[in-house]
Amino acid sequence: MLKPLGDRIVIELIEAEEKTSSGIVLPDSAKEKPQEGQVIAAGTGRVLENGQRIDLEVKEGDRIIFSKYSGTEVKYEGNEYLILRESDILAIIG
Amino acid sequence: MLKPLGDRIVIELIEAEEKTSSGIVLPDSAKEKPQEGQVIAAGTGRVLENGQRIDLEVKEGDRIIFSKYSGTEVKYEGNEYLILRESDILAIIG
Amino acid sequence: MLKPLGDRIVIELIEAEEKTSSGIVLPDSAKEKPQEGQVIAAGTGRVLENGQRIDLEVKEGDRIIFSKYSGTEVKYEGNEYLILRESDILAIIG
Amino acid sequence: MLKPLGDRIVIELIEAEEKTSSGIVLPDSAKEKPQEGQVIAAGTGRVLENGQRIDLEVKEGDRIIFSKYSGTEVKYEGNEYLILRESDILAIIG
Amino acid sequence: MLKPLGDRIVIELIEAEEKTSSGIVLPDSAKEKPQEGQVIAAGTGRVLENGQRIDLEVKEGDRIIFSKYSGTEVKYEGNEYLILRESDILAIIG
Amino acid sequence: MLKPLGDRIVIELIEAEEKTSSGIVLPDSAKEKPQEGQVIAAGTGRVLENGQRIDLEVKEGDRIIFSKYSGTEVKYEGNEYLILRESDILAIIG
Amino acid sequence: MLKPLGDRIVIELIEAEEKTSSGIVLPDSAKEKPQEGQVIAAGTGRVLENGQRIDLEVKEGDRIIFSKYSGTEVKYEGNEYLILRESDILAIIG
């Protein structure tokens, strides 16, 4: 299990649909870079300068939209994850 | 539904009028890049270093003017949105 | 009406005199870039890290001098405005 | 009258002596760029993050030395001024 | 013994497996740069602006994933270590 | 007299010895750039974000070592001074 | 004596061993740049924004490892020292 630190979040990418609306299967290069992910694990929150720890707004299981190219790719037990800071998350899909 | 985080805001662009004052329809390239949008969803606010959360000044439905080229374009359920930080918003049209 | 956010201010430019002291009308390119404006609307103020909101020092109607090239030009209902942050304002003409 | 904002200060330049010690009048290009000025007006002070406003250390009439090339030149009623931040002032000549 | 200061952490790298899933031993250049380490020693924590010292989230013995290329390599008594800041640590493997 | 502001300090340079240990007088270009100075005047101190003013650690008369190339050279009544911030001072020679 | 200011520390470099494990004396260029030093003097500590002074974690006599290329070299009474900030120190050798 990966336990992210502070305001970090582990996500799994959600691939974009591989078929266009007309049903044609797209080759890999024609698909858009995915910007959606599902939260696998969330850190303990950010510590403010007064010592208070602020809970993250996202939680395990949330589907999110994040800034392209942000975060760090890591491999763990054969799976690929992306570790982001909460500030890289734009919105929760709710 | 998109729920933006912190001081983020989801807007829909408001296209500039496609006719000039003399009634001529403008081709796309002659139109100005729109700087107006309508707020679709607003985040929960910015957290200060004392732990206090500051409500955003804009709310759902507000028409706003924002800094050109700011924000991140996202597609969600076939629609295009722009996700901004409140600091990218210049003024509310009221 | 434009309602600027936070420490932002909407101004209208005040054009420099178009005649030299000897009464000659200057062509556009020979005039200095104006640095004077009149405040049309002022934001609700800046929020400090202790949650306190600080009133702006300028108010509607003030004539001001501002840093050249600062701010963002916006068009609204056929008029041109400049939206500045209060920190771009150098002095009030009083 | 120019009323500078916050920690800003309006000064008038004090030109360096135009004669050398041997009494020769120097052409303009041989004179050093002046770094001295006299305070014409001082702002209301800087606001700290706790909401407290800190009085400026300089006051109207003070002669000061400032960092070369700092500040913004403004013309007002035919006179030339320089608007500085207090942090651009190196020392008071007392 | 190395005692890291503040929010610093001394780690030992954990080399990636040298065999592929099919059992072939990989030459050095074909192995991925390791991103895993084991915490050898952790600092006393970061001091906040209110004087409070915040304990680190990692402790001796933890296996961690860290940002590639972060930290400083040091040699001590013939062994190689990496000294990181806690903010370079992405997640604890737990 | 020069009264430096805030955390600023006025120093006079102390020239390095012009003779080598074997007694040879060095030409100017062979001498090291001096890094030593004597404090002529010290400012009133730095203001913290809680409004408290922190006294400087150096005082008039102290001999100091400072970072090469830091500070601003000023001429005043025929003498040359260097105005530094206290943070440019590395150590007091005591 | 050198008395460093604030969070600064005066160290003396500890040269790396000049013999390899097989007893061969290495020429200068083959030796690694030293990263070890001994603390000669430590400053009075860093002042926080609440006015509190935080004692340094290192003290006179400590052997330390520091970031390569950090600090400023100074000569004093014929000896060479390096003046660092505490944040340049990676670990104490204890």
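Just a few scattered comments:
Order of writing sets the chain letters: A, B, C, D, E, F and G. Residues in each chain are counted from 1.
Just so we're on the same page, a contact is a pair of C-beta atoms (placed from the backbone, for glycine too) under 8 Å apart; a residue touches a chain by one contact, two chains touch by 3 or more.
Fair warning: this is a prediction, and the values are worked out from it, not measured in the lab.
The chains in contact with chain C as well as with chain F are D.
Per-chain CA centroids place chain D at a distance of 52 Å from chain E. With centres set at the average Cα position, the gap from chain B to chain D is 42 Å. A straight line joining the Cα centres of chain A and chain B is 23 Å long. Shared contact sites, meaning residues of chain C that touch two or more other chains, fall at 49-50.
Listing every chain once round the ring, from chain A with chain E next, yields A, E, G, F, D, C, B. On the chain D side of its complex with chain C, the touching residues are 1-6, 8, 10, 41, 44, 47, 49-51, 72, 74, 76, 83.
Those residues of chain C that touch chain D in the complex are listed here as 35, 48-50, 52, 54, 57-58, 65, 67-68, 86-87, 89-94.
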